[in-house]
Amino acid sequence: MKFLRLLLVFIPISLIGEFVHFSPTLMFILSALAIIPLAGLMGEATEEISFYSGPRIGGFLNATFGNATELIISFFALKAGLFEVVKASISGSVIGNILLVLGASMLAGGMKYKTQAFNKQALEVNSSMLLFAVIGLIIPAVFTHTVSPELLNKQYEGLSIIVAVIMFSIYLMSLFFSFYTHKDLYSVDHREESKPKWSLKTAVLVLVAATVFIGLESEFLVSAVEPMTKEAGLSEFFVGIILIPIIGNAAEHSTAVLMALKNEMDVAIEIAIGSSLQIILFVTPVLIFLSLLFKPMSIIFNEFELVALLLSVFIANRVSNDGESNWLEGFQLLAVYLIIAVSFFVL
Amino acid sequence: MKFLRLLLVFIPISLIGEFVHFSPTLMFILSALAIIPLAGLMGEATEEISFYSGPRIGGFLNATFGNATELIISFFALKAGLFEVVKASISGSVIGNILLVLGASMLAGGMKYKTQAFNKQALEVNSSMLLFAVIGLIIPAVFTHTVSPELLNKQYEGLSIIVAVIMFSIYLMSLFFSFYTHKDLYSVDHREESKPKWSLKTAVLVLVAATVFIGLESEFLVSAVEPMTKEAGLSEFFVGIILIPIIGNAAEHSTAVLMALKNEMDVAIEIAIGSSLQIILFVTPVLIFLSLLFKPMSIIFNEFELVALLLSVFIANRVSNDGESNWLEGFQLLAVYLIIAVSFFVL
Amino acid sequence: MKFLRLLLVFIPISLIGEFVHFSPTLMFILSALAIIPLAGLMGEATEEISFYSGPRIGGFLNATFGNATELIISFFALKAGLFEVVKASISGSVIGNILLVLGASMLAGGMKYKTQAFNKQALEVNSSMLLFAVIGLIIPAVFTHTVSPELLNKQYEGLSIIVAVIMFSIYLMSLFFSFYTHKDLYSVDHREESKPKWSLKTAVLVLVAATVFIGLESEFLVSAVEPMTKEAGLSEFFVGIILIPIIGNAAEHSTAVLMALKNEMDVAIEIAIGSSLQIILFVTPVLIFLSLLFKPMSIIFNEFELVALLLSVFIANRVSNDGESNWLEGFQLLAVYLIIAVSFFVL
């Protein structure tokens, strides 16, 4: 993880690029490379703070800041009116977490250990929740796809807000569940056994600085999307569903793979499934609410996104139901991800 | 359950309403309130009779009369040519049983007990059957939605009857399975341990009277549907998929919640899944057969109904596979149900 | 199995039929009847060879020749440009293996034994793989069905080849998995305990002769398809999805049922799921590659095929997750198959 910090050098480079007007594709790449270590630092700072705040608030901070990078990038995309990019990146994050993160973890871990067992009991609550959450997202979409669209346009907005409120209330209830009524279900995090490396002051400073710079770089990234898609011949949808999720989740991805290599497959799967869950129950409704500041965004995803989401969730449920993983399972998840990516790239 | 009997007062009120021509919305509400305790009485009477008839015939009676209320309401809707209402109420019964009944049971039970374990072995036969039955229902629908509809209209009728015959034969085989070849799989019903409260004569009289009055009130209810939808601005589909199933299943709903509160989650889940199964394998084919008396109804459900059915069945399978439930799981099932209901109401 | 050899008499009869120009329907039936025992002989010869080659090469031969009959029939259909028949027979083979073979095995076995337990551990790797493989097939199809088709036609070809390469690489990896890294997972085949009946020379001769005659009869069969569909009023799709898979898999079908009757349900399920897996990961990509010799075939299946495939795979996963089977489960699988077959026949 340390070596990722070297990428921080892309912060000044991208700043220079902004002033001397580099090409959009170059600016997209530079700001993407700058965001990756910043997201990592934000995660580290949050964890350090949780040493001082105690496990309850720490757990809450981890849960809330875990997808802060995606949230910030999406906020700027929302502001720029790139609704398709925002929704594609939501779907892409879930798909990427399940297929890419889990696939890479299982492949890497499986090349070191023949089979890796994990406690499926603890995963079942989350993978069930993920299934229910995605179904909650599909229902209004199928409903609006079935009904003639002209009749509906005006009701989209109200329906989206109601669904977002319901999703967000499930999120709040799940925090209540995991921090109060059923906190014993969630075993103590392995990483918390160690001592804090930073002082509280340092940790807070790093968190603030990382957030500010992620905001800045996200603005560069998002404003490069439209001209870049024209320059490089990519679709905005491809950028949203494949590239942005990889940038936003790179730090988490490497943590999951490292955990798999330490034979802590429980933690790797927990990262992938927990993160997917937060994107649907926390990031998505928050973005719907924030969109009301600019122009209301509907919660209705397109057919392809819904199918890919549902099928990914079936895979997550199947995988977590198995209780053990091997390299072939990882290879197959990556193969399915590759098929998705290629399908879009070919377009 | 006893307090529901107070609602019997709505029988005379609805009779008066019919003669003095109350508004359709009021008549719908009055007859709905009258049906709820009648359905409860019918269930009680069937159970009482089974004390005298022995477990085998008793089980058969329970299985057959369990959804008699839905069957009677649907019969009158069929006679009135309200095919969309009939099919919506079939789908709505299954969705409501899985999401509303199971959700309410798990939430209520989970607020009293931290986790409620249940024997998943016994549930697996039924939840598998439910999956297979819904798939059997989806296949001809997808087939007809794929093929150009003009070519098909004339073959709908024959196909529907054949599918209904196959479904009904699965129902008969499942009775043979549970009462002959594998009767030991089904543990003795907890409620049968007690003694009969009524004489056989009373029980038969109550059963006959309840059936007659349900028939009468169903006729009031159904003839109020069309004018009410215009008066209250509701869609017939909303009435069919949300309101009618709640009315028809209210008695069963309260039994399931009571069982969950007594920590008998097995029985609560069995009610929800068993009832769903009977609706697809028994009520649906019987309605197709009965429709031949008036105008043949096709067995082809619309896209939304099929998606909602299949997703509900996935949830039922996931839930029964877990082996235990908690309040958060219940909350989520209710949230998914709420999203479905809101989607229709907004329209 | 021996009695199937009597059907070899249809080889000379079909040859005579070809010269004296029998009607297409008769030629279809004659060549179908000739293929059934030839496919059985091919399977027996492959098994005999594996006695001499050792388990590793033997396993590979079994895996590769297991679906040789389907591959040969499809090759001639491909050459004749009957793409819809080829793709329908791919889907039909998977659906038939899961619903018809598994259903018949469970029904037959379940009539002899009350419940038949099987080791679900060993099945889970394959049934997970089947789920992932079918999802890999669905993704590009949903993608192309969502996007406007005019834009895509030119990119179909490239996308199909890439997806076929990915599928085939999963196949190769799975061979590596089962013959090298995790060979202990796959218990020794029960049938290998016996001694070879044939000399190696005989076995090789039988294999070559069977392959040659299957090729010949497949050519008769395929060239009868188009005129027969007109003569008998069947759709080509019905021939592809129902009839051809039954012909190509008849030998395997009877082996699975025999195994179920010997209470070796593990082997019966392994045949059905393993064969489905090979069709998707080996037969399908090979046919895509072979089609480049004539006219490129796309890997995009129609909506009905995809839904039927996915639902069949859910059933396979559910069944293998249970750990035991009974006659009612078999009856239901056959009922779902019957609904599919009737849906097409009615057309």
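As written, the chains take the letters A, B and C, and residue 1 is the first residue of each chain.
Everything below uses one rule, namely that contacts are C-beta pairs under 8 Å (C-beta built on N, C-alpha and C of every residue); 3 or more make two chains touch, one makes a residue touch a chain.
Predicted model, so just to flag it, every value in this text is computed and none were measured.
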item	value
Numbering shared by both copies at the chain C-chain A contact, with half separating same from different	different
Chain A on chain B, rotation in degrees - Cα superposition, rounded to nearest 5	120
For chain A paired with chain C, centre-to-centre distance based on mean C-alpha positions, whole Å	40
Per-residue overlap in chain B, given as positions that touch at least 2 other chains	321
Touching residues (chain side chain A, partner chain B) in the complex	124-125, 128-129, 131-133, 135-136, 138-140, 142-143, 146-147, 151-152, 155, 158-159, 162-163, 166-167, 169-170, 173-174, 177, 181-182, 317, 321
Of all residues in chain C, those that touch chain B in their complex	114-115, 302-304, 307-308, 311, 314-315, 318-319, 321-322, 326-329, 331-333, 335-336, 338-340, 342-344, 346-347
